[in-house]
Structure formats: structure tokens, C-alpha cells
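Below, chain A partners chain B and then partners chain C, in two separate complexes.
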Partner chain A sequence: MTDKYISKDGLNGLIASVKASGGRFVAPVLDTRQVVYKEVSSAEEIVDDYILPRNSYKEIAFPQTEILAKYELTRDGVTIDPVEIVARDTVVFGARPCEAASLASLNSVFTWDFIDETFTKRQEKVVVLSLGCVDADDECFCTTVNLSPASTEGSDVALYETENGYIVTPLTDKGTAFVSAHSDSFTDVAKGEEKKELVNPEKVEGVDLTKLGERLAKSPNYDNPEWAELTRKCCGCGACTYSCPTCHCFDIIDEGTAFEGERRKNWDACQFNHFTLHASGHNPRDTQYKRYRNRFMCKFHIYPTKFNSTGCVGCGRCIRVCPVRLDITDLMTAMSS
Partner chain B sequence: MSNIYIPDLVTIEDIYEETPDIRSFRLVFKDEKLRESFEFKTGQFGLYSAFGLGESTFCIASSPTRKGYIQCTYRKTGRVTNALGELSIGDTMGFRGPYGNHFPIEEWKGKNIVFIAGGIALPPVRSVIWNILDRREDFGDVTIVYGAKTVEDLVYKEELKHWDERPDVKLIQTVDPGGETPEWQGEVGFVPTVLEEAKVPAENTIAVVCGPPIMIKFCLNALGTLGFSDDAVYTTLENKMKCGVGKCGRCNVGDIYICKEGPVYTATEIKAMFDDF
Partner chain C sequence: MENELREKAKELLESGEVAVVIGYGFNRKKTRITPVFITKPEETDKLVFNELCVNNLSIYLTRKYRDIQKIGRPAIVAKGCDIKNIVVLITEGQTKREDIHILGVTCSGVVYKQELFKGELKPEIMPSKCHNCDVRNPHVADTVIGEKSDFTPPEEPTGMVFDKIKEIDAMSDSARWDFWNEHFNRCIKCYACRQLCSLCYCERCITEKNMPQWIETSAHPRGNLAWNLIRAMHLAGRCTFCGECERGCPVNIPLNLVNQKLVLTVKNAFGFESGIDENVHPPMIVFSEDDNENFIK
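Entry: the complex of A and B
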């Protein structure tokens, strides 16, 4: 399919068209003084001068909390009823190209051998409209992890900003189907319509992903005292994991009484002491540096080698939200040497 | 396909109080079809639900040769296990599984087997013991070395008696120094020491070790001294698990997910792992 065009005003037509077909339109909006991905009903709500929304849109396919089943104990016995997975057609408008790669990474965890349908059923319904970045900040490091503001990995439709609108490039079958289904909202690209120049964030000096991966795979480096030194200021709040688009850890808990309640799947974080605490009191990750090391290993060793997917997309959220300014790229540099 | 996190309902058919804080359940599936069709392999585990409190991970302590039910044994130590401790015969709980890999006992035919377990770690080994005893003629000598802190802490006391009386099983029981009673007939000493003193021949023998991490470590050393190769030594690891299916992110040791690629490993595999368990 050839490129199409949509003006910023024309987005209202697209939003209406998506809603009319029963879908949700999610875009970056200003909410409690932060830019976040949220469902919108008009183009006026959408902000366009953002670097990256505060939250990751992984929550569309992997909600912060969801009910898996409801249980009930009565005189007649026990019932446990699975809750139907509600998956709505969802359009993510303005996803950054770095983050677009993340759902595929999560998919690789949620589908190896056992298929977690609570994720896959929702992911199938997500159409990602990525928007090439014309601006970046000091925390952006996509180019360091071999992505860039022009990346299309995981994106269904690539959008490129022009003076008054967007040039629309369908990338996948899903993306083509989306543009066709809402064809009234798009026009052909007018002559002279020019893409704004994409930004090119500098690579973090000294990071070598291959060396980093090789180093993490070797046991003596695992026990290197450097880990404790470099991560000493980590306070274990877990903010990095919650904002990370590829962090997948979760908990399964019951909420309710012994008579009725719900079984839930909730986000969890490998940065907490109780996360791996055995009932016996033994804890394999009993200090914070071991927990930090686990997350770092997950991004740069486990995801790439075990799941053959991108562990870290370089969005920089973990750096922006960190209360103690622990910078993952500092660790990447140190571990590359 | 259905939601992988939904347990099946099981009824507690029988309860055995093993020690003051350890008990066993004999469980049968409520669904009759599932009761018939359910299969597992020795060494696999499951997640057991106490509704309202959540799930806990234990091995299946019964042998696949005994069909129609599963047995689990657990210590009352946390929220879920304390709630399970309140349940009675006839009550309903949840079960998901079986998960994980298993002991490759088909490859052990014709070999001698030595079982080494400490405390609450006898249950996973019990599944293998009964599996082998139920097909006794397929295997060589069977030796069981089992220890606990005190006499009171030994689990499966009736079965220990049975194994002790069987002429085709050599059972060595031990308790930690200070844990013996005046009537105690067994050894006094730690499992690795007793194992070494028993001088179990390594030739044509498979060792199955299960216990707390520190016991496993010293038993691997003792087995090395006795001449066992690391490929002939098997153990089953334990880490906290919530999903059981390689997704929740807890049980990994480096890039190895215990719940999916384990929990059964050879000593060779264990020694190649990161020191993270």
C-alpha cells in the first residue's frame, strides 16, 4: 500500500471512525501534569510536543491488574469460574518507535510453550501507529540498543510528522487492514508535503551489546563485586520495572475471603525482597544488587539469548523515573569493558 | 485453549499428620474424566490453591504408578500453607499442573539407586522411591539415606517402617546431634557425614539428592568423595514460583527457568549454573 496522509484536524474523523467500529483510540494526553497514553475521544486531547509518555502502553495487553477467575464457597461446594478475557480493538496512536518493539518481546515470554491468552488475545487486537521522533532528551538511548527514531520493529503503521499532519506508511497486514478499514480518514499525500527531520540521539559511548551479552553469560562476572558497587544507591522501589515496556513479572493472588473473591494477575517487580523469598526464609536474591543484577541480566542476556527478542528498547523511562538517578547506561558501559 | 492460570478442583480424600507442622493430603479430582485422564511423571510439581489466600508450589509426592489420586506434603509455614492446614477431609482446594521436567528413571533401569533426603525434602524423593519399588525388578540395589533435625521431624514414619522392614531396601535414618530420643535406633549425625560413612558404592549407581541448599552442597561433595560422577547425581531444585509456566519471573537462575526446564537437574548442570539459588 502506498503512503497516505492525515492532517492533525483529520484525526477527529479517524477517532470517530475507530470508535464507531467499537474500538478504542489511545494516544498521548496531558493527565495530572504528565503525558500518558490514555483513551481519547477527540484530536484536541492529543499532545504532540512530548518525548515519551510516562507509562508504557504494555498495559493494554498486560493490565496492571486483572481478574483471572472468581471463586465461591457455599454449602453446596466450591466453584471457580474463569473470567472471560475482554479484548477490544485498540489503536495506539503516537507510540514511539523504540517502544513499538516491546510487545513482541513480551509476547516471546508469554508464549514460549504455554500460551498466556490473557496477553495474546489482547495483543492481537492492538494496532500500533508509531510516530517517528523529531525530538529526544538526554535519557533517550534507543540508538545504543540498535533501534532508532526511524525503527519500525513492532509497528503496524509508521507515522511521520509534517507541518500540519502525518505521512502514513502501513507496514504490516494488520496496519494495511487498519488503513483500508478507515480509508475515509486518509487522503493521498499532497505534493510538497515534507516529513520533518527525525532526531538522531547519540549512542552512549563505550557500550558494546555483544560484549555485554557475552560478559553476562559467564559465571565469574556474575559474582563480580562490581555489581554491588555500581548499584549501591538503588533503593529497590521498583519504579524502573513498572515503567519499563518489556518488564513482564507478575504475581497471582487471591483477593477476598475464604467464601468468595477473585484470583488476580497483578504486576510485580523483581526489585522487591519478597519477590523471591522462600517460605523457609531463604532468599536467592537477598540483597538489592542481586535484584538489580537480575533485571539487568533479563534485559541484556535472558531476553536476547533465551527468547531471541529485544530486552531493552532504550526508551529511557527507567532513568527518568529513578528516584536516585541510577542510570542503566552507566551499568551498560561498565559491563561492556 | 483455556486460561492457563485456572486451577482444577480437587477433594481432600485423606489427611496424614506427618509431624506437628507437616501434613500430607491425598487428593482426587472432582472432575471424573480428569481423574481418569490425569497423568504426570515422577519429579513434576503443581500449584495448590487455598481459595482466598492463593497458591503454593509443592512437588507431587505420590508415584505415577499409583493412579487415581495425587499426594502432596507441605509444611505449615506461610499464609497459604497455614490455610491449607485448616482444611479437613472432604474439603475442596485447587490444583494446577503437572509442571516441569522429571527424573529420567527409564534410563536408570538395571542400575542401583541411592536416595538421599533431608527433612521436608523426602516428599519429592518419595515419588521416585515408590515408582522404583513398584517396578522393583527393573532396578538394582535401593538405598535410602534420610535425615531430619529431630526424630519428631521425620516424615512418612509409617513408610519408613515399611521400607526398613523390606529386605530389598536398605534404609539408613539419621537425626542431627541432639535430635535423638532414648528409643532412637538410627544414626546420629548430619546427612552428608552419614552418607559418606555408609560407603555407598558408586559403581553402576544413580544418586537422587534432595534437601535444603546447604545439605545438597555438602552431599554433592560427599558423593564426589564416594566416586560418583556428576552425571550420575540428580537433584530437584526449589525456588519461589507463582505461575509454574515460565512467565512470572521468580524462579530463574540466570537464564534457566526452574519451573520449565527444571526442577530436576544433574549435578553437572547444577555446577554450571550461576550461584543464585
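Entry: the complex of A and C
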């Protein structure tokens, strides 16, 4: 399919068209002094001057909390009613290319040894319209993990900003089908319509992903005192993991009384003390640096070796949100040597 | 001031009086301040102190940080407001006064969040605590570093937090309920508020007690309300209004409002201010015959 064009005002038509077909349109909006992905009903709500929303759009396919089943205990026994997975057609507008790459990584986790339908059924219904970045901040480091504002991995339709609109490039079958289904909202690209220049964040000096992976694979390095020295300031909150587009850990809990309640799937974070706490009281990750080490190993060793994908997309959210300014790129540099 | 700080830190490490200096340093790009742990005298040059030093480092004195405690006796760089938290840790038996060396720094205010700093510390980017600060000269310290401040706080506390509290107090019950629910609904249960609070030192938080599960940990409105209320109640009479929980909150929940309201309530009821005197126990853990009893009806 050839490139199409949509003006910023024309987005209203697209939003209406998506809504009319029963879908929802998610885009970056301003909420309590922050840019976040939220469902919108008009183009005026969408912000266009942003680096990256605070939250990851992974929450569309992997919500922070969801009910898996309801249970009830009666005289006749226990009844367990699974809750049907509600998957709505969802369009994510303005996803950054770094983040678009992340959903593919998540998919490999949720389909690896067991197909987690709560994720896959929703992900199938998500159409990602990624938007090339025309700005970057100090925390962006996609180029360091071999991605760039021009990356198209995980994206269904690539958008490129122009003076008054966007040039639309469908990339996948899903993307082509989306553009065709809402063809009234798009026009042909007018002559002279020019893409704004994409801005590449600077590569972090001294990072070598191959060396990094090799080093993490060698077991003596696991107990290197450097881990403690570099990461003991970690305060152990879950801000990084909960804003990370590739963190995927969850916990299954029962909520309610002994007689009735619900079984829920909630986000969990390897940064929490009780994440690995055994029933015996023993905790194999008994200090914070060991928990941070796990998160780092997951991104740069487990993901690449197990799923052949990068666990880190360089979005920089974990750096921006960290209350003690623990910078993952500092570790990447240190561990590359 | 920084030279003085570095010299003193060096002296403490060289003499073996302390094994680690917990302080502030720059990140790799020299754009932000981050906590540093100095164990070698030759590394004390990394220590800095400026208006970006907003973190309350007293969290690193709590038992959660076993690996830091293993290093040995710590010296800690602390502003007056941070010292208030250390004082509470002492009164609550979490650390002993003689087990730490407090490197108190005089302070003329810090930023509310580091991202807001654009080269100059303007009043509008300072938190309310700084505008009303009564401890710009450290009140409990082994060494005081920096020039004496002659700042006198206003008689009536001023600032956004205090204005907003009055506004909320004037609301109807249902409007207040809606206000808090709207804010708490954004909570993502990352527990940054708890982790940044040195007074949330429990090694097993009540949210982690899951046999049975005392508090619903799901990030739904019920669970979020439960968490935020429980944390507020656990900090009544203890919170020093250091503001770390609000600073760390990734979803901008105005936790300073909750905390300052608690501070005011305890002050009115018990005439007590947290973090001032390490020999006075907080009102919630002691009984005094002078306690106000007018709530018994």
C-alpha cells in the first residue's frame, strides 16, 4: 500500500470512524501534569509535544489488575466461574518506535510455554500507530540498544510528522487493513508534504551489547562486588518496572472472603522484597542490589538468550521515574568492560 | 562548603571513625544528583551539596539496607529536614545516636523535583517545607558544615500545601471523598512512597502480609484507597513532612497534603512536632496523663 496522509484536524474523523466501528482510540493526553496514554474522543485532547508518555501501553494487553475467575463456597461445594476475556479493538496512536518494539518482546514471554490468552487475545486487537520522534531528551537511549526513531519493529502503521499532519505508512497486514477500513479519513500525500527530521538520541559511550551479554552469561560475574557498589542506592520501589514496556511479571492472588471472592492477576515487580520470599522465610534475593541485578539480567541476558530479543528498548522511562536516579545506562557501561 | 564537607568526610574515613559516608554526588552526565556511598578517603571528591540535593538519605540507615550496614559505621550528609527523620529513627529504636555520624549541612532550600531546576532556585520550584523551614541550621549533628543561615520561617505557615489543606477542609464530605478517590485512583501500587520514606522501615509491610491478605493489593479503587489510608495512619505523629513520598510518586498523587494534615492534627491534639528532640517519644507510642481527653464523649 502506498503512503497516505492525515492532517492533525483530520484525526477527529479517524477517531470518530474508529469509535463508530466499536473500537477505542488511545493517544497521549495530559493528565495531572503528565502525559499519559488514555482513551480519547477528540483530536484536541491529544498532545503532540511529548517525548514519551509516563505509562507504557502494554497495559492495554496486560492490565495492571484483572479478574481471572470468581469463586463461591456453598453447602454444595465450590464453584469457580472463569471470567470471559474482554478484548476490544484498540488503536494506539503516537506510540514511540522504541515502545512499539516492546510488545513483540512481551508476546514472546506470554506465548513461550503456555499461551496466555488474557494477553494474546487483547494484543491481537491492538493496532499500533507509531510516531517517529522529532525530539529526544537526556534519558532516551534507543540507539544504544540498536533501535532508532525510524525503527518499525512491532508497529503496524508508521506515522511521520509533517508541518500540519502525518505521513502514514502501513507496515503490516493489520496496518493495511486498518488504513483501508478507515480510508475516508486518509488522503493521498500532497506534493511538497515533507517529513520532519527524526532526532536520534546520542549513543551511550562504552556500551557493547555483545560484550555485556557475554559478561552476564559467565557465572563468576554474578557475585561480583561491583553489583552492590553500583546499585546499592536502589530504594526498591516498583516505579521502574511498572513504567517499563517490557517488564511482565505478575502475581495471582485471591481477593475476598473464604466464601466468595475473585482471583486476580496483578502486576508484580522483581524489585520488591517479597517477590522471592519463600514460605520458609528464606529469601534468595535478600538485599536490594540482588533484586536490581535480577532486573538487569532479565533485560540483557535472559531475554536475548531465551527469546532472541532485546529486553530493553531504550525508552529511558526507568531513568526518568527513578527517585534515586539509578541510571541503567551506567550499569550497561560498567558491565560492557 | 563542598570542600569543607569533603575534608571532613576524608578525615572521618581516614581515622576509621566511619566506614562509609552516605552523601550526594552527580550522575555520569553531571545533570542530576544521586545518592553516593563513599568508602575510600580518595573518593570523597565525589561528594557535592547544592539545591538539587533533595533526596532524604536517611532511608539508607534503616534495616532494609543490610549490605550498607555490613560496610560499617556510617556518616550521613543530612539537611535539617533529613535530620528530623534520623531523630524519629532514634526515638523509635531503629538506630542509636552514637552509631551514626551526622554531617549536618546548612541549607537554603532545595528543589521540589530535580527536573524543575533550570539553573536557578526560584521560590516557585521549592517545596512548601523549604518556605517554612525551621531547621536550615541542623538541629542535631556531630559536625555542622556550611555558613549559618539567618532565615526565620513565617509565623503562619505559607505555601501551596497549606492553602490546599484549607480548601479541602472547607469541602463537603462527599466532595472530599471524590477529591481523594480521583487522586488515589491513579495509584499504580509501585510503593515508591513507602520505599522513599525512612519511617516506613518495616521489613515486612502490612501489604506484604498475605496469610491472610490484610490489605487488598490490587490497584483498583478499593485497594488504592486502603493502601493510601493505611500508610497515612501509620505515619500519624511520626511523619516529618520531608516530602519524599510525593516527590517519588510517579503518578503525582498529592501526598504532601495528607501528611501535612496529619502533622497539623497531631500538633493541635498533642502539641507535638516530630523529629525535633531525640529524647522525646512520639505521642502515639506513649501515654501521658496530660494527653488531651476531650474526644471522649
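FYI, the second predicted complex is superposed on the first by the 337 of 337 C-alpha atoms of A that agree within 3 Å, B and C clash if a C-alpha of one lies under 4 Å from a C-alpha of the other, contacts with A are read in each partner's own complex, and residues count from 1 in each chain.
Rule of thumb we're sticking to: a residue touches a chain if its C-beta (ideal position, glycine included) is under 8 Å from a C-beta of that chain, and two chains touch if they have at least 3 such contacts.
Computed from a predicted model, the values in this text were never measured in an experiment.
*Asks:* Have a look at where A:80 lands relative to chain B and chain C in the superposition and call it first, second, both or neither.
*Replies:* A:80: touches chain B, not chain C.
*Asks:* Is A:202 in contact with chain B, with chain C, with both, or with neither (first, second, both, neither)?
*Replies:* neither
*Asks:* Please indicate which partner A:253 is in contact with in the superposed arrangement: first for chain B, second for chain C, both, or neither.
*Replies:* both
*Asks:* Taking the superposition as given, does A:135 touch the first partner, chain B, the second, chain C, both, or neither?
*Replies:* neither
*Asks:* Which partner chains sit in contact with A:184 here, chain B, chain C, both or neither? Use first/second/both/neither.
*Replies:* neither
*Asks:* Tell me which partner A:124 touches in the superposition: chain B (first), chain C (second), both or neither.
*Replies:* In the superposed model, A:124 contacts neither chain B nor chain C.
*Asks:* Scan A:285 for contacts with chain B and chain C and give back first, second, both or neither.
*Replies:* First partner only, chain B.
*Asks:* Kindly classify A:9 by the partners it touches after superposition: chain B alone (first), chain C alone (second), both, or neither?
*Replies:* The answer is neither, since A:9 touches no partner chain.
*Asks:* Across the two complexes, what residues of chain A are contacted by chain B and by chain C?
*Replies:* Common to the two interfaces on chain A: residues 251, 253-254, 277.
*Asks:* Within the complex, which stretch of chain B touches chain A?
*Replies:* So the residues of chain B in touch with chain A come to 1-7, 9, 49, 51-56, 75, 77-78, 81, 83, 92, 94, 212-213, 238-240, 242-243, 245-255, 260, 272, 274-277.
*Asks:* In their shared complex, at which residues does chain A touch chain C?
*Replies:* It comes out as residues 31-34, 54, 64-65, 138, 228-229, 232-233, 235-239, 241-243, 251, 253-255, 264, 266-267, 269, 272-274, 277, 286-289, 321, 323-327, 329-330, 333.
*Asks:* Give every residue of chain A touching chain B within the complex, in rising order.
*Replies:* Per the stated touch rule, the residues are 68-69, 71, 73, 77-78, 80, 82, 85, 109-110, 112-118, 219, 222-223, 248-254, 256-259, 261, 263, 265, 268, 270, 275-280, 282, 284-285, 290, 294, 297-298, 301-302, 305-306.
*Asks:* Note which residues of chain C are touching chain A in the complex, please.
*Replies:* Result: residues 27-29, 31-37, 55, 59-60, 64-68, 114, 183, 186, 188-192, 194-196, 203-204, 208, 210, 213, 216-220, 223, 244, 247-248, 250-252 of chain C touch chain A.
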